[in-house]
Amino acid sequence: MKILVTGFDPFGGEEVNPAYEAVQLLPDKISSSDIIKIEIPTVFSKSALVVEEAIKKYNPDVVLNIGQAGGRSSITVEKVAINFVEARIPDNEGEQPIDEKLQQDGETAYFATIPVKSMVKNIRDHGIPANISYTAGTYVCNSIMYNVLYMIHKRYTNIRAGFIHVPFSTKQVVDKPEGTASMSVETIVKALEYAIEVIVENKETMDTTM
Amino acid sequence: MKILVTGFDPFGGEEVNPAYEAVQLLPDKISSSDIIKIEIPTVFSKSALVVEEAIKKYNPDVVLNIGQAGGRSSITVEKVAINFVEARIPDNEGEQPIDEKLQQDGETAYFATIPVKSMVKNIRDHGIPANISYTAGTYVCNSIMYNVLYMIHKRYTNIRAGFIHVPFSTKQVVDKPEGTASMSVETIVKALEYAIEVIVENKETMDTTM
Amino acid sequence: MKILVTGFDPFGGEEVNPAYEAVQLLPDKISSSDIIKIEIPTVFSKSALVVEEAIKKYNPDVVLNIGQAGGRSSITVEKVAINFVEARIPDNEGEQPIDEKLQQDGETAYFATIPVKSMVKNIRDHGIPANISYTAGTYVCNSIMYNVLYMIHKRYTNIRAGFIHVPFSTKQVVDKPEGTASMSVETIVKALEYAIEVIVENKETMDTTM
Amino acid sequence: MKILVTGFDPFGGEEVNPAYEAVQLLPDKISSSDIIKIEIPTVFSKSALVVEEAIKKYNPDVVLNIGQAGGRSSITVEKVAINFVEARIPDNEGEQPIDEKLQQDGETAYFATIPVKSMVKNIRDHGIPANISYTAGTYVCNSIMYNVLYMIHKRYTNIRAGFIHVPFSTKQVVDKPEGTASMSVETIVKALEYAIEVIVENKETMDTTM
């Protein structure tokens, strides 16, 4: 099994992006599956192209995009991506789409096709806070999640895909106001491993205890 | 130099107290000073007695009490303790003093006599969020900080003292609502080391950049 | 023009629901349109039935459902409803659907068909905090928004519909922890009026300054 | 009985200060006591002088200072003021004292001499969220509270004094991030009236149910 894991480069004035920082630190194998790690640009028009190139090159079974949700206190596995973009700030190449559809012929939304609930449960079972999220926002994170699910529905129907948001890293919040939650990069890496373990084992459970 | 570092035992329904968890993991020497670590009870009437016994036994140069401030997102070094107690919940032996003075002949408040500002700066300089706090609350944390400063002003005038609040540990917030900040125990231990380094070097600076 | 405005009855241990409290206090006419106000049960299986009955009875041009989002600090106009239900607590008749679709033949999601962005802008222009929200949750609020948009797409294609979440009312948070945001019922009523004004005038603007 | 109530003028880039906005709207009599309302400058060196002039002119029985604590969600009656100033931003005349005592011969702290707990209880009994606060910060609010209590202890021993912090007003948070708590000016005015009622009746109760 091959899992393509992507992380965005830094944006919004931050010097690092804990998403790719953590992705880089993942082991090359998790539960005997190959982990392919790539950095993708925080640019609306390019990020999906870079992912599609990697899909063609590596032919993965699963695409897992990782992004930062500054302010959230837990690892959040996204349930749904919507056909909508509204950029509060320009992306890293100055694009700022407002109130637009991402794909003219796309569905209003796609659900993640990875076992969201079991992933969250496994992260929590290992002592790391995690939750399901029902909004990936309207910026590049929702955009890449939507566009990957769109291309999978259209062209790569054997691939499964989904998105995980990670908090600010500890270092990032030093100069932010008291009350701004963070998580150490070491903990984020562990959480991603526990999430990927579940994808590999595909253990979509009926467990409802979270 | 000898530094007595205390941590409370668990309270309020929590199974662990990251304060003592972290204290336990401190090295036995920091910058060539001896670190003496003790657990103290989350009990109003006993905690100060246990600290005073340890003062008599170890004759430390500094007393540093560590406690948990669930909900805070950063390490907070307390500036001031007040002569007041108001317990929202009973302590571990069922005591719940309400609207009382801690010491009839004590001052309204005492400032910490450790270099609060430089400690915060050194923690932040190492990439861990930290802030000065101007309230240690009205529970056992303020109580032990006040009582230690009181006994020092009355009986141990060569000793310096202060208090550090630490966030919930990562594990503690797994079942708490999204938005509840936490910090890994490893990061908390590192932060305490950086704080103690400054106490040892006594580098009270005029730096105002925090 | 006729606008059907609904509010849920109290749930989750709260004695009041500011949603219906506010709906009740709306004037009977806004910008010369008739405002029809009904209370609907916080029950998954019944709430949509009650709305459909009211649609048949009153033949409205617009259906606007109002619900409470305890913890939010501003009026939030919902952009999207998803075909998913996951009840954290039972509804008022003990139903607690977990990890289910709302409609087997429904789309993954529907966007609101009211002018979300202009509604938010008009509320803000009158000095009341408001934001677009991209998740109505997975409880009865998302459920009624989804089910109404579903029936409109299937059976009442001339009707427009959408959902507004309102904060806790001031009174509701008296015994909640400091930090729990609220809004006075008077302010909520005003905000709903400003929102409805825009629906009546249908002024979908290109304004992007929010 | 005469009560001098002060509110700061706007600062920190805000166009209004809900403190004085609300003070202005107080009735001239509460429970048959005269309410004297003055605006004071957000300037460290001047604010206490303006209050002392008003004390000499009006000879009040109580001095109640009102200030804004942006971000708090409830009315907070302050318990204690500390002999310390640390200005994060310059005041309205550019003064920015750092790490200084307010009064060389003042106590480390003074407790408010108004019935803090009963005031909070009466505000809550009327359905408005209120809490005791144990820190008035280190800016002009703590400064005026401390300086007034200092002058009262030194020179006006018959006068009682204290401080109330009020949240951002609803209008102020329109352009602030979702999650920023606020309170309508109407509600703030009501809360101040309920607080002053208790000062007039001086009903310091033993009630501990808050």
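To keep things simple, chains are lettered A, B, C and D as they appear, and every chain counts its residues starting from 1.
FYI, a residue touches a chain if its C-beta (ideal position, glycine included) is under 8 Å from a C-beta of that chain, and two chains touch if they have at least 3 such contacts.
No experiment lies behind these values; they were computed from the predicted model shown.
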Starting at chain A, find the fewest moves between touching chains needed to arrive at chain D.
2
Farthest chain (mean CA position) relative to chain B:
C
Interchain centroid distance [CA atoms averaged], chain B/chain C, Å:
47
Using mean C-alpha positions as chain centres, tell me how far chain B is from chain D in Å, no decimals.
30
How many angstrom lie between the centres of chain A and chain B, each centre taken as the mean Cα position?
38
Enumerate the residues of chain C that touch no fewer than two other chains.
none
Graph class of chain-chain contacts, one of line, ring, star, complete, other
ring
Listing of all chain pairs that touch each other, if any do
A-B, A-C, B-D, C-D
Touching residues of chain C toward chain D in the complex: what are they?
72-74, 76, 124, 127-131, 170-171, 173-176, 178-184, 186-187
Residue ranges of chain D in contact with chain B within the complex
79-80, 82, 84, 86, 98-99, 107-111, 117, 132-135, 137-138, 206, 208
